[in-house]
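These notes are about the structure you will find just below.
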Amino acid sequence: MAAAEVQVRDKASPLKAKSSSDDKLMRLFILVIGAYLVVALAMPLYVMLSKSVLNSDGGFVGLSNYFAYFKTPSLVYSIKNSLFVGLVTTVITVSIAFVLAYGFTRSRMPGKPIFKTIAMIPILVPSLLPGIALIYLFGRQGIINWALFGHEIYGPIGIIISEVFFTLPHALIIIITALSIADARLYEAATALRASSTRIFFTVTLPGVRYGLISAGFVVFTLAVTDFGAPKVIGGDFNVLATDIYKQVIGQQNFEMGAVVSVVLLIPAALAFFVDRLVQKKQIALLSSRAVALEPKPSRRFDNGMLAYALVVSFFILGILGMCQFAALFKFFPYNLSLGLSNYQFDLMDGGGWDSYFNSIEMASYTAVFGTLIVFYGAYLVEKGKGLGVIRGAFQFLAMLPMAVPGLVLGLAYIFFFNMPSNPLNVLYHTMAILVISTITHFYTVSHLTATTALKQMDAQFESVAASLKQPFYRTFLRVTVPVCTPAILDISIYLFVNAMTTVSAVVFLYSPHTTLASVAVLNMDDAGDIAPAAAMGMMIFYTAASVKILHYFLSRGIEAKTQAWRRSIEN
Amino acid sequence: MKKSFYRGGSVIAGALLAMGLATGASAATDLMVYTAVEAEDLKKYAARFNEDHPDININWVRDSTGIVTAKLLAEKANPRADIVWGLAATSLLLMKGEGMLEPYAPAGLDALDPKFRDKSSPPSWTGMDAWVAAICVNTVEADKNNLPMPSSWQDLTKPVYKGHIAMPNPNSSGTGFLDVSSWLQLFGEEGGWAFMDKLHQNIGHYTHSGSKPCKQAARGEVAIGVSFAFRGAKSKASGAPLEVIIPSEGIGWDMEATAIIKGTKNLDAAKTLADWSVSEKANKMYNEGYAVIGIQSLAKPVEHFPNNIPESMIDNDFEWAASNRKRILAEWQKRYDSKSEPKS
Amino acid sequence: MTDAFLRIENLTKNFGSFTALRNISLSVLEGEFVCFLGPSGCGKTTLLRAIAGLDIQTQGRVEQAGIDISILPPSERDFGIVFQSYALFPNLTVEKNVAYGLESRRAARTEVTTRVNELLSLVDLADQGKKYPSQLSGGQQQRVALARALATSPGLLLLDEPLSALDAKVRTHLRQEIKHLQRRLAVTTIMVTHDQEEALTMADRIVVMNHGIIEQIGSPEDIYAAPASEFVAQFIGTMNFVNVVVASANQGTHQGGVLEFSPNSLRPRESARLAFRPEDVEILEKSDEHNRDKVLGKVVSAEYLGAFLRVTIAPEGWESTLLADISTDIAARFVVEAGGDVAFRLPPEKILAYQESE
């Protein structure tokens, strides 16, 4: 009878599994990692959004800040300017990247690895650097300023050239991926039907990469609209949203208006982000279909054409970089072009001197180490965790969010949140820790996606097997998950390191006199008119990021060789 | 090593969201010093001070005058600075009005030129040196563009200079503000704005910092930079083809000054620094870059500095400038801001 | 029932509004090899995962070795599991994979080594211990997975479609190997499969499942010879179906006449489906006049399948064709060939009747 009663009670409420100590530990971890994103992202953003409807004394004023904003013509004008720069950059970058990617995937031009490497260089420099090079090239004293036919480099022209430089690798990666998944059988079929190569291009090639192009477009647009380095250095009197935030906050300490501009900037960025997610899903659907890899056929004219094109693009990138290096070495441009290291005396300049360089390395190292730990573990718990489904879902959402939040907005949100007298976490304000936390958070999404992808490729049953063998999840995590995902883990750490070295946007609001950073020093030296030392520091960042990247390359190669025996199966 | 360990600790604290680990103890007193002194001088200033007071560790927060001022005002409720060493007297007057300064008569106050101290007793601030407006003209660029050498402010409004002049935005730059306030005093309220309207026609761009126009002129990025004499002298010394011109109407100037922030937790250390900042040693140090200093009897001529500076300095009404600062800046922004550099 | 090793009572599993398992009750004896057989989506894997505690049931009770394990997490249950994907840890050698469950149990290292070697020779891989999984064939990998699952001597071995990823030949071979191993170790085993041949050859008892319920539990012979439902009849082996209207306890009429079947509880005038296997069709001499069950038909097609012919016959007056498996001898003797005539009878004791399903 008792059993029957139990039965009745069971009907009312579904059974709940008893949790093992292992499960409890995992839940604790999920909560901790969830708390990280709540504190490092959700709460600051919330505080920032609420600031935009408060006055400077903290009183609620509804939308009056927004009204004030839209009544200020010079501020509203920036919206137009930002959209203009964003759209033009998008069109130019995506076009250049498409042709280059086409050459990489569909031609047999020689030297592809070298050209690909060169095309990735802009990732390794702060977005301020191309602007500085452009001043030397096209400024009043510019070496080739005749090439602008009297146009002014300060303003939209300079911003757009800088943004094209800065966004090119991002677009290129996406479009190369899109072009690489093309199915050779489609081309064979089209050729068999005697379609002309032009027709094949428009009926097979373009439709095949359309999602890639759309995705690249949105990524470039977001980057160009939210970037602050280029317009800061070479924008002249051409105001954009990103510089407006900076101007309101740093220039006038008008935090409320800064919050309003942030919200305005958040809209296009968030919009672009959601469209991109949508498109990416379709792209993935294309990816999973079985395709026969396309082997380009040699064609001397086409291959040479593509080679010439790649040379031009490489010349542009290396030219910018080389100009910066010379700018750093010229003793006194343009009057004394003898070379020397006097511009490397950073300690005599604004921006924190050599300390800022070492701070940057320190900050980037912490970001790489702690960021990788947090990101990978977070992704693991979302992907392989058990229990607390709602929290894991919310975590996944939060992990995707940083992509849609411009760095400046995040930085401002951090000021609001971490400088609140009532917030016990305000001990972090002005520390290295807050720079590290903001940088990890700023670059969370891409890292998270890298980790998730790697984890998804692992057998879903590992955890079940481990449980049946009565092994705690963390043992399997350390002995199996981490070793198998080592390449992805290295990728994440290098991505975080390089970005921490070059980023300006979030940290520009957060550094303190002890924690000045190299990238911010570039900004501040340029601000003070010390453009040559700014170039020198920018190049220091480049050399550091490049060295680490090279180190990473050899490290990955070493690991690959060492684990070749068991990795073969994963590649199959 | 110790420093980096401390930072490491704070990172861990951040990562674990633990609190309290981030506070490190140290035997020396850390003094948070806000300043607008030129970056290249900061190390020197701190080092000279530490020669006499090794137990006080100076943590600089440096930015343009306008920024430092705005920052101090913004932090009024929760001040992070202990003392200001090297900020425009007009800014300090503003803060005095807000009740943010701790009045203090440093030892050696009497030796200072009476101009170089707050009128109240005890004074809220004490002066260090004067920094004076000047025009930096790149002689090479001037020749190339057939620009005559200007000798007065009014000269700069001539159409020939159109697009060749850079000047600092007074909203962020102390130099910019002293220029604007001096023109309003020299030419009167109406005449001043009329002058600036015409000058605005010739301005290529406004810069964020006061030294940038002169540095740009030194590089030939503009022909003429409205800046300050110290910067011009420095750039000239480093080999730039510059002429530093003191306009005939007279030049605006401001003092770099020292003031203790009310509510500092390190009042004793702050007083020590305030005492030192008016000492003879300090004044000689200021004199290495500036021709006009607090104890003028100690002053020696500074290389590349025009000689006629003291007599060209206008009779600057700091009180007026400070009390009208907000109005002047708002007016300026309304009239000219669209040509400002991104950072206002 | 008292000595059941594993007892499942009234188990139900809902995924949202979808019911994957409906009130399942089942017992497994100690040392028994039980197969859960059914088409995909029938709930067999869900049931296995509930037994393992990997996806806990919504309601119902699971008892193993007299202990209620209904809500225990997997790590507190006593089972080893093998998956279709092998789920071998790619970065660990075969040895380390097998030792995975042993090491943290604080067993001495030599003990672990001995046990690993023992297990590896058990699955015939004694010399492969130092290799990585990717260096082994699929069949070998699955044997490693088996060794790993058995390493801790679990009371219950769960096999989730263990052979589905392998090619046919390896599959047949491994089928026997697993069976032998199971016999030798006498470990209670539950295997999930959608392959009836696998189930029939390996299991002591088969649990046929469909749409979240158990259609039949029985020995392979029972299941084959006496399918308890039309679904089982259709799912296991090949079956001919004829729709009839019940005339009496053992007779039904259809267009082709009257068919006798083994007695059943069907009521007259009910619609029923008669089922018989192709090998139960008895070929007669065309001129045989004595047999009153004789049915005449045309041979539509004949398919040569080695030991026998599979013949499609269109009986006179029937609405559908039927399949008959005829040994080549008989086919020659009675001249059964495509396009020709044929005579046959259906032994009533081999004809099963099912109530027509809706």
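Each chain gets a letter, A, B and C, in the order it is written, and its residues are counted from 1.
Please note the rule applied: contacts are C-beta pairs under 8 Å (C-beta built on N, C-alpha and C of every residue); 3 or more make two chains touch, one makes a residue touch a chain.
Not measured: the values here are computed from a predicted model.
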item	value
Set of chains adjacent to chain A and to chain B	none
From chain C, the most remote chain by mean C-alpha position	B
Rounded Å distance, chain A centre to chain B centre (Cα mean)	37
Chain B and chain C, separation of their C-alpha mean positions in angstrom	89
Whole-Å gap between the CA centroids of chain A and chain C	54
Per-residue multi-chain contacts in chain B, two or more chains	none
In the complex with chain B, residue positions of chain A that touch it	32, 35-36, 39, 74, 135, 139-141, 154, 231-232, 235-240, 243, 246-247, 250-253, 255, 331-336, 347-351, 353, 362, 366, 370, 373-374, 419, 421, 424-425, 427-428, 430-434, 436-437, 512-515, 527-531
Partner chain C, residues of chain A touching it in the complex	7, 10-11, 14-20, 22-23, 459, 461-462, 464-472, 475, 479-480, 483-484, 563, 565-570, 572
Chain A-facing residues of chain C, complex	10, 14, 52-54, 56-60, 70-77, 79-81, 83, 85-87, 89-92, 100-101, 104-105, 132-135, 148-149, 151-152, 154, 158
Residues of chain B touching chain A in the complex	3-4, 7-8, 10-11, 13-15, 17, 19-20, 22-23, 32, 39-40, 43, 59-62, 66-67, 70-71, 73-74, 77-78, 80, 140-141, 171-172, 205-209, 211-216, 218-222, 238-241, 337-344
